[in-house]
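What follows is a group of structures, each given as C-alpha cells.
Below are two complexes that have chain A in common, paired first with chain B and then with chain C.
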Partner chain A sequence: MTTALVRTRAPSVGLALPRVEDDRLVRGDGCYVGDIHRPGQLHARIVRSQVAHANLLAVHVEEARAAPGVVTVVSGSDIPGLSEKRIPIRLSPGQLDRFALQTPLALDRVRYVGEPIAVVVAVDPYLAEDAAEAVWADVEELAPQLDPVPGHGAPLLFDMVPDNAVATFETAHGEDVDDLFRHADVLVHERFSVHRHSAAPMEPRGLLAEFDDDSGRLTVHGPTKVKHFNKRVLADLLELAPDRVLLVEPDVGGGFGPRGEFYPEDFLIPWLAVQLRRPVKWMEDRLENFVALNHSREQVIEVAMAARHDGTLLGFRSTGWCSLGAYVRTTGHTVPRLAGIHMPGPYPWRGFSTKFVSVLTNKTPLGTYRGPGEVEATFARERALDLVAAELGMDPPELRRRNLIRSDALPYRVDTGAGSEPLVYDSGDFPAALDQLLVAAEYEELRRSQAARRQDGEAVGIGVACFFDQGGIGPFEQARVVAEPDGTFTGYVGVSSIGQGVQTALAQILADELGVDVDRVRIDHRDTDSISDGTGAFASRTTSFGGSALILAARKLHEVARARGADVLGVNDGEVTVEGDEVVTGNGRSVALAALGCEAAATFESTHVDFSFGSAVAVVSVDRPTGKVTVERYLGHYDVGRAVNPLIVRGQLDGGAAQGLGGALLEDLAYDDQGQPLSTSFMDYMIPTLCELPTVQSSWSEHPSSGNLVGAKGAGEAGIIGTLAAVANAVADALAPDGVIVRSSPFTADRIRALLRGSDAPMSVQPSQVGAG
Partner chain B sequence: MGAEMVSPPRSAPTRAPEEPGEPEGPDELADVSFSLNGSMTALRVPVRWTLADVLRERAGATGTHLGCEHGVCGACTVLVDDQPVRSCLMLGVQADGSSVRTIEGVAASDGLHPLQRTFHEQHALQCGYCTPGFIMLALGLLEREPDASQERIRDVLSSNLCRCTGYAPIVRAVMAAQAEMRR
Partner chain C sequence: MKPPPFRYARCATPADAVTLLSEAGEDAKVLAGGQSLVPLLNFRLARPALLVDVNPLEELAFVREEADGALCIGALFRQVALEATNLGARWQAITDAMPRVGHYPTRVRGTVGGSIAHADPAAELPLLCVGFGARFALVGPAGERSVEVDDFFLGPFTTAVAPDELLTRVSLDPPPDGAVSAFEEFSERHGDFALVSAFVGLALVDGRCSWCRVAIGGVGPTPTRVPDAERALADSGLADAELGIAADASARCCTTGGDVHCSAPTRRELVREVTLRALLRARGRLTDRMGSKA
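Our next item is the complex of A and B:
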C-alpha cells in the first residue's frame, strides 16, 4: 500500500465482484458439518415412525442395545421430562399451538411417517444404522387425516384441536365484498390447489455436539439460519445457562428456508453428547431429509373475484386451507398467514377479505420455503385474474396493466382490519416494470408466433404473473466491527450464510462505509460467541439488515477511532478525521486504526417491511399425447431496491426461478391414502437437471428501500415467487383450445393427461357471469 | 434418563484428532491400496464401506460430498482410472489397484485449474456442495473429449444435480474452461 494521505476509492457496492467464498469451495477445502471429526466421536441414527398415525404402545430397544458397537439406545421414556420439552415456535403463532407442538421423540402417539421414536448411538455410522433396524414398536394404527379441507368427523390429531383447525387468520379491507360482487359485471369463483413440495438442499442436515467437562460448555456444529434463537431454545430445553451453549455454523450446502430451523434432532444430539460426555455426530440421509425436513406449499385456496366490463377490478374473497402437517413447527403459521397477506397483490382493490386456516394432517410438518405463502397466493390470484380476463375477452397483461397500482399512488397503504399491521407498498413503478418485461419478452411477437404454431396443431401458451416479494423482516440485526492489528477489518454479524454469498456482499457494504478496499474486510458469521445476538437469514433480509447493522457499527467505529486517535495525536476530537484506515489531522499527522485497537458494535432495528414488485412471463409448449410440459422461456423482472453485487443478485434471481420451475413441473411430495410418503429419493422427487430448464432471463430495477441503510429490498426469494403462477397461466393458455381449466399444480405429465381426459373434476361452483347491478 | 445412561463414560477414548482410526466394530476388514491424487494410499477398511466413505472418513478427502448415497445426485463424483464414477455406488475395496482422483488433486501447485477458476468467475457455485462433483465430471469429460460439443457437454452435465444456480453458469464455466484447456 502507498501512504498517500488522500485516496480516492471507487465504491465496491454495485460491482459484480466474484465471491470471496469460492476459492475454498472450488478446491474442495470447504468445511461442511460432515467434514468435521472429533476424537472419540459416536454416531447417532434416528429411528422413525413407519406409520402415519398410531397410538405408540411400546418402543422395544433391548435387541438394538445388544447389537455390536452400540453405546446406547434412547426412546421417549428415557428422557426425563420429555413431555414438557416441546419445541417452541419462532414466528407467526396461532390460537391452539400449545396443543400441537412437537416433542423431540414421540411419547404415546405418532402422527407422521418419519417422526422420531428412538435414537441409536454406536461407534460407527454403519453399526448405528444396523442397530436401528433392530428397534421396533408396538403400535395401534389410527385412521390418517390427510385432507387439507377435512370434513366433520375426520380423524383428530389432537383431541383439543377441533376439526384439526389449529389456527385461523383473517384480513378484511375496504368496502363490503358482497356489495361489490352485487355490482360487478363479471364474477369468477374457483378453487385452486398447490401441491406439497419443498427445498431439497443438496447437503442433507447434520450435527456434531460435544460437551466439555472442564468448561461446562456445550458446542454444536451444524446449526445455521437462526443460530441465536436456536441457542436460546437449546439452552432452555437442556436447562443450561445460555452462555454455556455455543452454536457454530460450518459451510452450509443450501438452505432455502427449511434448513436451520430447530428440529427434534437439534435437541436429541446435544442431549446425548451431554449425557454420554462424548462427541455425538448425526448425519441425515436423503430419505430422512424427505420426511424430516419441513415440507411446504400445500394449500387449497378458493377465490371469488369481481370486475367491471372495462376490466376494473373491484373486490375478492378468498378462503385458504394449509395442510400444516402433524405439528406446529418453529415457523408457526407463516405460510398461510403470508398467503393471506399476499392475496391482494399489486392491485388497488375497493374491498377484499381473506381467511386462511392451518389444518393439521398426518404428514411431515410444514414450514417456510423460499417465497412462503407468496408463491401460493400469487398462483391463486393470478390464475383467477386470467379467468376474469377470459370472461372479459381481454389480453391478460392488459387486465393487469389497467389495474396495477400507479406510481403516483405510492406509498400505497392497505388497512387489513383491526389488530393487523397495514400493508404499505412504498416504492417502484409497477406498470412501467411490467411493460419493460413485456418488451424484453417481445410479447407481441410471442403472440404472433403462438398463433402460427396453433395453426400447426401445437399447444403453446404464454403466461404472465405480477406479485410482491416481501423482504427485510425485522426486528433487528447486530454487527460488531473490529480494526485488526494487521490493518484489516472484521465484521461480525448475527445473520447466517446458507450459500448465498453473504461474506462477499456484506464485505462490499462494510468496505464502502469504512472507506477501505474490499479485500481488507472480512465477514464472520460463524458462531454465537462472536456476537451477542442476531435474528438470522430468512425473508431476504440478510443483506438489508446485516448490511445496515454493519453500516451503523462502522460509523460507531469511526467515532471511537476519532476519539482515541485525537488522544494519541494530542489534539481535540474535532481536529481529526478518519481517512480509510487512518485517523489524520489537518496538517497531515496520522495514526493507523490498526494501532488504536478499536472496535464497535451496533444494532439496526426496523419494523419496516418491503413489498417489492415483480413480474414474470413463461412460454410453454404441451405435448398433448404424453402430457409433457416444456418451459421454452422464462423471464422475470424484479425491483431489488439496490443490487449490492449484481453477480450474486443474478445468481439468486435465476436460481430462484430455476427452483420454482422444478416445483411447477416435476417435484411433488405425494402421499398414498395411508399417509405413506411416495417421494423419498431423488428418483421420485425429481429436482430439475439442466435438461429440464430453459435459460432463465432475469432483469431488475432499483427503487431503493426507505426501510434500511443499504436500500436493498432483497433478491433471495423474488425469482421464485411468480414461477408457479406464470407456468400455470401459460399451461392454461396452451390448453385453452381444449376447454380445460387449470386449477391444480404440479404440471407433471400425468396430471396434464388427466386434465385432458377430463378427470380433473371441476368444483361445484363454476365461473359465472352476472348481470350489471 | 434411562438406567443405562446414569453413569456416562467421563472421558473419551484417546485417538488422534486428525485421522480417525480403524472402526471398532465387528465388520470384516480388508486391505486396499490405490493411488489417491498421485500418492499411494494403503488402508485397512471394512469391506462394506463405500469408496466415498473411505475417501472422506479414512483418507481425509472430504471435498467429495454425499448428497443422496444412491447414485442420483452426483455430488460424490470422482475419477477412477480417469472415468467419472459415483463414489457412493462403489465399494472402497473395489478401488484396489486403481488411480483415484478427487477435487483435492485438481489444482496445480501454482494456482487453480481452469475449471476451478471459471466456476469462480462465472458464479457457477453458490452453496458449493455440488461443485466438486461437477468439476470432476467436467474434468473427466474434457480430458477424454477435449472437443466435446456444447450439446455433448450439456448432456454429460445433466448427470449431476445443483439446487442453487439453475445450471446456466455451470455450462458457461465448463465451456470457458474447455476453450482455455484447448489452448
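Our next item is the complex of A and C:
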C-alpha cells in the first residue's frame, strides 16, 4: 500500500510552489538582526574618516568618552596587536595583497571616506551617535588617487605597491593575436568604461554579538552569505578556538553579493562584546551603507577586435583596469579576474589575450556584486561586436548568429594559458537559444516599427547581447539530514539564505530524494553549530551545491535507515527497502524512519564550473531634447539547467534584470575630485522604481548541468549579466543617426545630452597601448 | 542617521505655536508633515532645540476660492488633499504638479504650507506660488501680516517667515477669466525633486496674448519669473517662433551650475525644453477651450 503511494508521488522539483519563506515575511513576522534584543545590550556607532586620503596623526576620543551614556570609545591604538589583525581574502588572491589588506580600524593612514577610525559604545544608539560627533582626528591630507587608469606619478596608497597596481591577471588563447589582426578585414578598437555602482539592499547590515562567560562562547547574529568562513576568520582574529564561536543567520533584506562578507565591523562588534562582557549591537544606517558596503563594477576596458568580411570573428585583445578601492577585501580580485574570463564569451575565437589590472583608488573598496566582472566584460565585448557589425553593415544579431559556438562543438574547451584552468562550455544550444529569444521579441517586427518611428523623428534603438553566466563554483558543500521523531525531515545546509528561496527550492530537492511530501521537509541554514562546514551563498551555487549535498545526505540517510530498520525488524539489510518515511520488508512489515532516530551527513565536492548561455534584447527610446532614456521592453532567455522552482527562477531572472536596468540607467556611486562620495542617500543614488521599469520578459531553457546532481545551472545572476550591454547597444542603435559612439555608462539624461552635444570625446589611446606589456 | 536631541511641543492654537516659537528664539522649527524636516534631522543637517508640532491645528487644513477668485489654501492642508481637489481650468497647473510632489505616501503627510515654508529651490509648490503670484499670511507675536510672493522666497530654504512666525495660509492670485495654466518638470525618476520645472499661465483676447506668466524652478536660489519670456509672449499670437523665443529666454535665466545629477550645460538645455513643453501644453489648453466654446 505504502509502496503504491510512493510510486505515484509526483516529484516536487519543477513545480512552481509558493515560497515557504513568504507567508512569514509578508506578514511582518520576519526576524531581522534589528529585531533581536538582548538584556543589557549596548549600541555601537562607527566613526568614519571624512577625508579620502590622509596621514592619521591622532584620534581624539577623550571628549566622547565623557559624553552621556557612553561606555567606551575605542580607536586603533586601543586594540592590542591591531596592525597584525588584517582581514584576509576569501577568493581570488593577487600578487601584492599582503600590503593592501585592511585592519578593522585605521592605524596611521586613512584611504577612503568612510574608513572606520573609532567605535563609540553607549547605552542607547542615539547617545552613541551624539558622542561620535565628539570624536575628532588630526590628519595630514594627501592627494587622492581616484583614477582607475592612473598616470605616472599618481599618489600611491601603499609604498610597497608600485603604480597602485596590486594584481594583474592575464589570459591568452590560440593563435597570435597580432597575426590575426594583420589578416583581418575589419579591426575595431575602443575604450569602454563602466561606472561604479553596487547593491543597495533594502536592509542595511547589522550585528549583535554576545559573549557568554559560563560557556566561554561568543555568539554573533547577523552574518549571512559565508558564515563558516567568517567564523574561522573571527576566531582567528580574536584568538579564540573555532568551537567557541557561533554565527547565526537572521532574515536579511537583500544580499546581492556585498552583504555578509567579513568587514571591519565583523571584527569590531564581537571584539567589543568580548571585552565588555555585554551584548553589543550595531545597526548600519544608509549613509554608512553607501560608503561601507563593498562597491562594485567600476572598470575601464579597452578592446581591439578583428573579423572577416563575412562576419567571421578572428581574435581580440583587451586590457582592463578595475578601480579596486582602497584595500583588497575578502573577494580579492574576483571582479577583474572574472572580467578577463568572460571577455571571450560564447564565440569561437581563433586567438585572444586579456590583461586585467586591479588598481588601488581612494574610494570604498570594491567587491563582488551580482554578475561580478561578467556584466562589465559582456558590456565591453558586446559593444565591440556591435561596432564590428556596423563596420560590416551587418545586422547585430546576424553577426552573433554566424559566430556563436555550435551545439555539435560542445563541450567546447578554451585553454587560457599556463597556470590557468581551461574554460569548458559543456551544454546548451546557443544559436537556437538566441533565435528563440528573437522570435519571442518579434525582432523583425521591432525593426519595421523602428524604421517607421525613425521616419517620424523618434530615436528608437534595439540592442542585443549574448553572454555566459558562470555559476556553481565549488569546492564543496555540506548537508546533514535528520529524520525527526514527528515524522518530518530536517536538512541542515552550509549555504546561506539571502532571500533567494533556499528553504523552498532545497526542500523540493530533498523531498524528491527522500520520496516524501515537500511539506514534511524543512531546511535549516541558520547557524554554524548545526552543520560543521559550508562554502556559502555566492556565485549562483546554493541550489546546485546545496541541493547536491542534500541528495548525497538523503541517500546516506536511507542506507543508515535500511541498516537500523533491518535490525529492528529482525531481517537482513538486503531484505528491506526505504519507501518514503518507512523501512519496509518484502512481506509488508515496516518501521517508520521517525522511530529509528537516524541522521546522515554528506559532502558534495566538485571543481566543475557551469558556463550557461544567455541572451538579452532591449528596446529603448531616447527623448533627444532631454536625453531621457526609456527602456520600452526587455527580454532575456537563459539556460538555467534545471528550473527546480519556476516561480523562484522567474523572480530571480526578472529581479536581476530590473537591478541591472537600474545600474545601466540611474545608479551611480559618484565621487568628486577630492574623493568625497556624492551619492550617500537614496535621493542621490537613484534605484529604479516600478515607474522607471518596463515589463521584463524572462524565459529559459533547461540543458542540465553535468557538474552537479540537481542539473541546475546559475539563475540568480543570469538576469543581470546582459542588461548593461543590451541597453548600451540599444542606446547606441537609437542614436546611430546622430553619429555618436556609446562608450560609457550610465545612460542618464545628462550623459546622453553630453553625447549629443559631442562633449563625450573619444579618449585618445594609441593602438600600441592595447594589451601592451 | 538619528537626530541630535531636541524638545518637542504640541500646540493647540496658532497663538500657542507663536508663543512657543517666540520663547525658543532662533532654535525652534515648526513640524508640519515632517517629510523634509525629519530627514534633515536624521542627517543632522538641521539641529533645532525645539520642534513645535502644528498638526493639531485642524482649522488650517482647508482650501477655498475667495470672492475675488483667489485660491486660498490653509498651511496644514495635506498635499494629497490638494491633489484630490477639483479645481477649475485656470488652476490646472496645480493639477499637473501635485502628482509630482514626492510620492503618494509622502503627500499623505506632507502639507502645502510645509513645502512652501521649506522653500526647496526645486520644489513644485513654491514654483506654483511664484507662477500664479501669491500672498502669504504669517502670524507672529504682533498679530497677522501679509507678505507678497516677491518678498517671500529669499533664497534656498530661506523665506520671509521670521523665527517667531507661523505660516497659516497662502492665497494664489486669480488668473483672468478664460486663462489656462500648465506645469512641466524633468526628473530622472518619478517623484524625485525636479532637475528643472516650468510654470506657464496664458490668456488670449482676440487672438493676442493678454496675460502670460512664465516661471521656472530648480535653476537658481528660488523659483523665478522670466520677464524676458513674458515680454516675448505679451500681445503675441503665441506662434511657435514666439514660444521658442520665450523658451530661450528661460534658458538664459538658469544660473545654477552643475551637480552630481546634471551638468550646467544640460540644465540650460532642460530649462529650454521644459519651458517649451509647458508653453505648448498651455497653448494646447487654450486651443481646446476655444474649440469647446465655438
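Here, the second predicted complex is superposed on the first by the 757 of 773 C-alpha atoms of A that agree within 3 Å, B and C clash if a C-alpha of one lies under 4 Å from a C-alpha of the other, contacts with A are read in each partner's own complex, and residues count from 1 in each chain.
Quick note on the criterion: contacts are C-beta pairs under 8 Å (C-beta built on N, C-alpha and C of every residue); 3 or more make two chains touch, one makes a residue touch a chain.
Since the structure is predicted, the reported quantities are computational estimates derived from the model, not experimental observations.
Which of chain B and chain C touches more residues of chain A: that partner is B.
By the touch criterion defined above, A:A749 lies against chain C but remains apart from chain B after alignment on the C-alpha atoms of chain A. Of the two partner chains placed by the overlay, only chain C lies in contact with A:S679; chain B stays clear of it. Of the two partner chains placed around the shared chain by superposition, neither chain B nor chain C is touched by A:A452. Of the two partner chains placed around the shared chain by superposition, chain B is the only one that A:Y32 touches, whereas chain C remains out of contact.
In the overlay built on the shared chain, the residue A:V74 is in contact with chain B alone; chain C does not reach it.
Of the two partner chains placed by the overlay, only chain B lies in contact with A:D213; chain C stays clear of it.
Judged by the touch definition given at the top, the superposed model places A:A58 against neither chain B nor chain C.
Contacts of A:Y126 after superposition: both chain B and chain C are touched. In the superposed model, A:A241 lies in contact with neither chain B nor chain C. Annotation: chain A residues 126, 285-286, 681, 683, 689, 691 touch chain B in one complex and chain C in the other.
Residues of chain C touching chain A in their complex: 1-5, 43-44, 186, 188-193, 195, 260-263, 265-266, 269-270, 273-274. Across the complex, chain A meets chain C through its residues 125-126, 129-130, 133, 285-287, 625-628, 666, 668, 670, 678-679, 681, 683-684, 686, 688-689, 691-692, 748-750, 753-754, 757, 759. Touching chain A in their complex are the following residues of chain B: 1-2, 4-5, 8-18, 20, 23-27, 46, 48-49, 56-57, 61-70, 72-73, 75, 102-104, 106-107, 112, 116-117, 119-121, 123, 125-132, 135, 154-155, 157-171. Contact residues of chain A toward chain B in the complex are 18-19, 21-23, 25-32, 34-35, 37-41, 65, 68-69, 72, 74, 77-80, 122-124, 126-127, 199-204, 213, 251-256, 275-279, 285-286, 498-501, 647-648, 650-651, 654-655, 657-659, 681-683, 687, 689-691, 693, 695-696.
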